[in-house]
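You will see subunit A twice below: alongside subunit B first, and alongside subunit C after that.
Now for the complex of A and B:
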């Protein structure tokens, strides 16, 4: 399993796009860093689906309140890259 | 909530047997004043009767509908007794444990999909008997008040309620955390709530199309965990028969359109299970609204 700490933001975004194209039938060109979940027609179940798929690929664990704060793909990349503060418990 | 609090107080003070007239009176009040509920009861009784003894033109009487409400009153009394006096007041027979126990023995959590049919609280017994935490999903508008009533009855019991926040991914991640810990997560999957935001599917139920929320059937496909359908039906004596059948025997991950299609298949399996149990215990269906109406919301 890949260590998320060793991944660059570009690699993280490429991984996310790959997962989303595979699992949500999206075109890669649709997925921008500025894209929001709603814009991509993804609901909360899809968001968790994405989180589970990410956890299967890399050694990153989403915490219960993480997804509530994420609005765009940039937010997701920042969270995994460790540059975004996590919601405190 | 006032009815539940009054029932709880009476049973605590006077015991179940002496409290039954009060419980019946409370439900009688609702029977007398809830015209839509009475109509829904008769619609449902007519449909389930058609499954067992099809007689052209048969219509349930007001008395039969009152007996339906009476059964609901007995279930409330049982519910309070279960929480206040503990499961020892009843005997439980379990059919289908083999669909759940092997997963738990391997440390794999299981999603249990129940309904407003029989007793959902009896599932608490399942967890206590097997020393496995049972987490129950409940809509937040109900959860705090109901928790308050049951904590009064059983202060020592770990009431593990996961509040459902409509459209929130956090709820799903909480469920995932419970499943990952090898626990049971119980969901009532038979009602479309406002938070389902229009994501429903149609199933065949007692001869007509009814709406079910999509989310409970998508959950095991997102989490890749096994799932079972489960009800606890009250017998003639103060005993309960818990019946479980597999919905997803093994973990299965699906995404996108394939997930939606598979979720619809699971919803129909669930509806078929509910239909069979309604035929066995027709008065233990406690959805007093027209489930076949467009949108099917309580």
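Now for the complex of A and C:
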């Protein structure tokens, strides 16, 4: 399993796009860093599925409150890259 | 001509009164159900499930009476097409479009038991909060939680009613469909029974004042369609729910004679 700490933001974003094309039938060109979940028509169940797929590919674990705080693809990249503060428990 | 205009004006005036009386009756009835019936049923039912079933049956009979009242005062005329499709055992998962304010009332008036997925805001509405709690209705905003609760109830042999648009349709059209119904159908492995609701002339629609009654009595048709099967064909949940939601929406678009979009 890939160590998320060794991934660059571009690699993280590429992985996310690959997962989203596979899981949600999106076009890669639709998915921008600035794209919001609502804009991409992703609901809360999709967010869970995205998190599960990410955890299956790399050694990153989403915490319970993480998903509720994420609004854009940039937020997800930042969280995985470790540059976003996590919600405290 | 003057006499015809006068007759139509009187008729419309009476229907405005009838509509107002219906709203008042609904408010009083909902409060009575929530403040009186629910506590009594809670005291006399040995389990939550029994309480919910009793409350749902009571709501069903109340709504039958209410629909009858609306027909008697000339506000609406209701027709149910293919009732036999509802009567084949437990209907299971029902999905319906939502053009008018009284769709839920008319559907539940035909269903002795129904677990209904409703907007979260109803839990803080003083008139209906008691009803939604007592009946064990499900809020539509807890994602996986809502889906799991619906699946549990379907597996227990109960009927679950969902409005995929999540709110009333835009006038004369069909809103975007949320994917909750598809998620429920796929997770439970059940078909969905569609009920297409048509109303003419337009009335009780989104953005329309209650007193904006049409020129003549509103005809409302509830047409129970053939079951729509769910089959993920092994696709990921996200893809399968999107494809199935598109199938559901296409069914209603076709039934309503709407152009694609």
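Of note:
What we mean here is this: the second predicted complex is superposed on the first by the 89 of 89 C-alpha atoms of A that agree within 3 Å, B and C clash if a C-alpha of one lies under 4 Å from a C-alpha of the other, contacts with A are read in each partner's own complex, and residues count from 1 in each chain.
The rule is simple: a contact is a pair of C-beta atoms (placed from the backbone, for glycine too) under 8 Å apart; a residue touches a chain by one contact, two chains touch by 3 or more.
For clarity, every value in this text was computed on a predicted model and none was experimentally measured.
Aligning the shared subunit A places subunit B and subunit C in steric conflict.
In the superposition on chain A, no contact is made by A:15 with either subunit B or subunit C. Subunit A has more of its residues touched by B than by the other of subunit B and subunit C. When the shared chain is aligned, subunit B and subunit C each come close enough to touch A:48. Of the two partner chains placed by the overlay, only subunit B lies in contact with A:62; subunit C stays clear of it. Looking at the shared chain after the overlay, A:80 reaches neither subunit B nor subunit C. Shared-chain residue A:25: touches subunit B and subunit C both.
Stretch 199-207 of subunit B is the one among 127-135, 145-153 or 199-207 that clashes with subunit C after the shared chain A is superposed. Touching of subunit A by both subunit B and subunit C, each in its own complex, is seen for residues 22-25, 43-46, 48-49. Within the complex formed with subunit B, the residues of subunit A that make contact are 22-25, 43-49, 51-53, 62-68.
Partner subunit C is touched in their complex by these residues of subunit A: 22-25, 43-46, 48-49. Listed in rising order, the residues of subunit C touching subunit A in the complex are 143-144, 147, 178-179, 183, 236-239, 241-243. Interface residues of subunit B, counted against subunit A in their complex, comprise 167-174, 176-177, 197, 199, 215, 218-219, 222-224, 253, 255-257, 259.
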